[in-house]
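Both of the next two complexes hold subunit A, though its partner changes from subunit B to subunit C.
And then the complex of A and B:
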């Protein structure tokens, strides 16, 4: 005997479907909230984005707009690097203004090499092309390899150390 | 007393039933009506609550996962990341390290380590290089300074390498230069092979 579709049955079916949706939502949320690798992956992607952007920012400066440029530098940095930038700012401004240099950077590739999500520390490596245009010389560009360290701040990941990976001679001594 | 009875009877007559039992049945129906509406309301509210909960949790889930590519296992799978970084680093060091005496070995190694576009590229380079290496007694040593895995799936990886390359002509002074490579690697039968090399 075919069963009639009654309002009660419809309501029951709807409720069952809604309950299933709620349970599904709950289990997905629980899995995601307790999935350390998802949180870790998110941090990794944030570190890479902040690292690449930071390297680009800190390799970009126009003597005609030096205040904004250096403000961007400082907003990309924290810790020792920020202290260093602030300490050397006056001398650096003079140099850039007298050389009338315009420096731009393009990130070619970057990767996160270390990430300690709990400690809020990370390392990145970034290959970058830096173009320098000064009043005296023709613009020239060179490929550079940068190693950066990042620290998590209340305002996101920021560079706390930045250096060019040194070239070592085959004997192990610096060139 | 008499008033009540009269009312009952009048009601019974209006609803088309007769007698005391008909009146009782009507009262039951009348009493059940609001009860059923209440139940419907509860059911509807429950439904809305459940849907809202499910929807809210799904939104919360997507926010938790926001921004991260769930397929990229770089660093999240430390073992696999270490494997590909190690394999690709070793491969690059091997294919770009030679002396006039080991040139054939290097070429043989490259056949195992390279595939596709990278293999063709390397063959062309090698064809140009080999006569000069023998003639000028050139050796090249490649040291991998740093390796970073940009992204990684079960079968494909993109790796960034910083290299120091020291070349030396016989009787000359060695000179070292920096090089940066972006490498694409594919996994075939448990080993990673390089399919693309791009100088940075």
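And then the complex of A and C:
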């Protein structure tokens, strides 16, 4: 014989179902929030974005607006790279001003090659096309194979090293 | 056991005859438990007068639960809301383009595709005039789709002059990064160095730096280069 269906029983059943769903939803959220690979994937994408933006910033400079340009450079860098930039700033400013150079960069592609999320260290490859326009010469563009290292700071990921991938000759007879 | 059950059932029938107004809930509860705990069952069935009390009580409690309804409804809404919030949070954390890309998060797959593409690029962009068929074999092994025609075009000059100039082109991947990895598809950025030697001109060697991205596809368990992007160069 079926138990009588009263509004209270129906409500109780609904509440129980809702409670089950709430527990399930809560656990699901907790699991997702503590999913290491999801956090790692997020860091990887942050590193790439910061790396590409940083390389773009550090390859862009207009002699007419050198203070802003160099301020942007310094805001994209940290650690050794920042020290280097600050140290060479005066000489560099003079050079850019006398050459009247305008350098722009376009990021073609980028990839994260290494990421240590815990240590806050990462390496990126950023392929860029750099166009240099000086007073004397016609604007010329060249492709550059940039390698960058990033360090996590309180202010997000920043470039701590920057270099161009060296050309290594397979036979040892190259440049 | 069966004797006990039989007895219980008989007693129940008797009890039912005695009190026709027995609460249906009682009868139901008595049945499944009757098998295991007959003596517990016996008590309510035997005393129909006692049974009437809970029934009367039942009607009274039926008026009492009514104020509970809004409370239960509110609880249901609250818990339902919590559930919805939890699921929404979880899915927003999980179903992002970040998580669908398993480059670096899936270590095994990442190094697998890196390894194969490195080998593939080294092989298909190398040419030796003494064994030109090696390049073709590599192309058949490692290339698929659009990449086949792109490769033919990129190596056309080397191949046409290869014999005459006694060319040896060797390509070495120096840096490689997986940009995107999703199931059987991947996108990689490649830095490679190329050395071009012409033995005719007394070992005239030139080195050049190359950068390009490739898309890779996993076919029958093996990664193959599906397209090459030289950034419009």
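Heads up, the rule we're going with is that the second predicted complex is superposed on the first by the 152 of 175 C-alpha atoms of A that agree within 3 Å, B and C clash if a C-alpha of one lies under 4 Å from a C-alpha of the other, contacts with A are read in each partner's own complex, and residues count from 1 in each chain.
Convention: a residue touches a chain if its C-beta (ideal position, glycine included) is under 8 Å from a C-beta of that chain, and two chains touch if they have at least 3 such contacts.
Given the structure is predicted, the values throughout are model-derived calculations rather than measurements.
K.L.:
Which partner chains sit in contact with A:145 here, subunit B, subunit C, both or neither? Use first/second/both/neither.
P.N.:
The answer is both, since A:145 touches subunit B and subunit C.
K.L.:
Going by the contact rule set out at the top, does A:116 touch subunit B (first), subunit C (second), both, or neither?
P.N.:
After superposing on A, A:116 lies clear of both subunit B and subunit C.
K.L.:
Quick one: is A:6 in contact with subunit B, with subunit C, with both, or with neither? Answer first, second, both or neither.
P.N.:
Once the two structures are laid over each other on A, A:6 reaches subunit C alone.
K.L.:
By the touch definition at the top of the document, which applies to A:108: first (subunit B), second (subunit C), both, or neither?
P.N.:
both
K.L.:
Have a look and say if subunit B or subunit C is in touch with more residues of subunit A.
P.N.:
Of the two chains, more subunit A residues are contacted by C.
K.L.:
Shared contact residues on subunit A, subunit B side and subunit C side combined as an intersection?
P.N.:
Subunit A residues touching both partners: 11, 14-15, 18-19, 21-22, 24-26, 28-29, 31-33, 37-38, 40-42, 44-45, 108-113, 115, 124-125, 127, 143, 145, 147, 165, 167-170, 175.
K.L.:
Applying the document's contact rule, which stretches of subunit C touch subunit A when the two form their complex?
P.N.:
Touch list, subunit C to subunit A: 24-25, 27-28, 62, 65-66, 68-69, 72-73, 75-80, 82-87, 89-91, 93-94, 96-99, 101-105, 170, 172, 174-179, 188-189, 191, 193, 195, 197, 205-209, 211, 213, 229, 231, 233.
K.L.:
What residues on subunit A touch subunit B, complex-wise?
P.N.:
11, 14-15, 18-19, 21-26, 28-29, 31-33, 37-42, 44-46, 108-113, 115, 124-125, 127, 143, 145, 147, 165, 167-170, 175
K.L.:
Mind pulling up the subunit B residues that touch subunit A in the complex?
P.N.:
Where subunit B meets subunit A, its residues are 40, 43, 46-47, 50-51, 53-58, 60-61, 64-70, 72, 74-77, 141, 143, 145-150, 159-160, 162, 164, 166, 168, 174, 176-178, 180, 182, 200.
K.L.:
Going by the contact rule set out above, which residues of subunit A touch subunit C in the complex?
P.N.:
Interface residues on the subunit A side: 1, 3-4, 6-8, 11-12, 14-15, 18-19, 21-22, 24-29, 31-33, 35, 37-38, 40-42, 44-45, 48, 108-113, 115, 124-125, 127, 129, 143, 145, 147, 165-171, 173-175.
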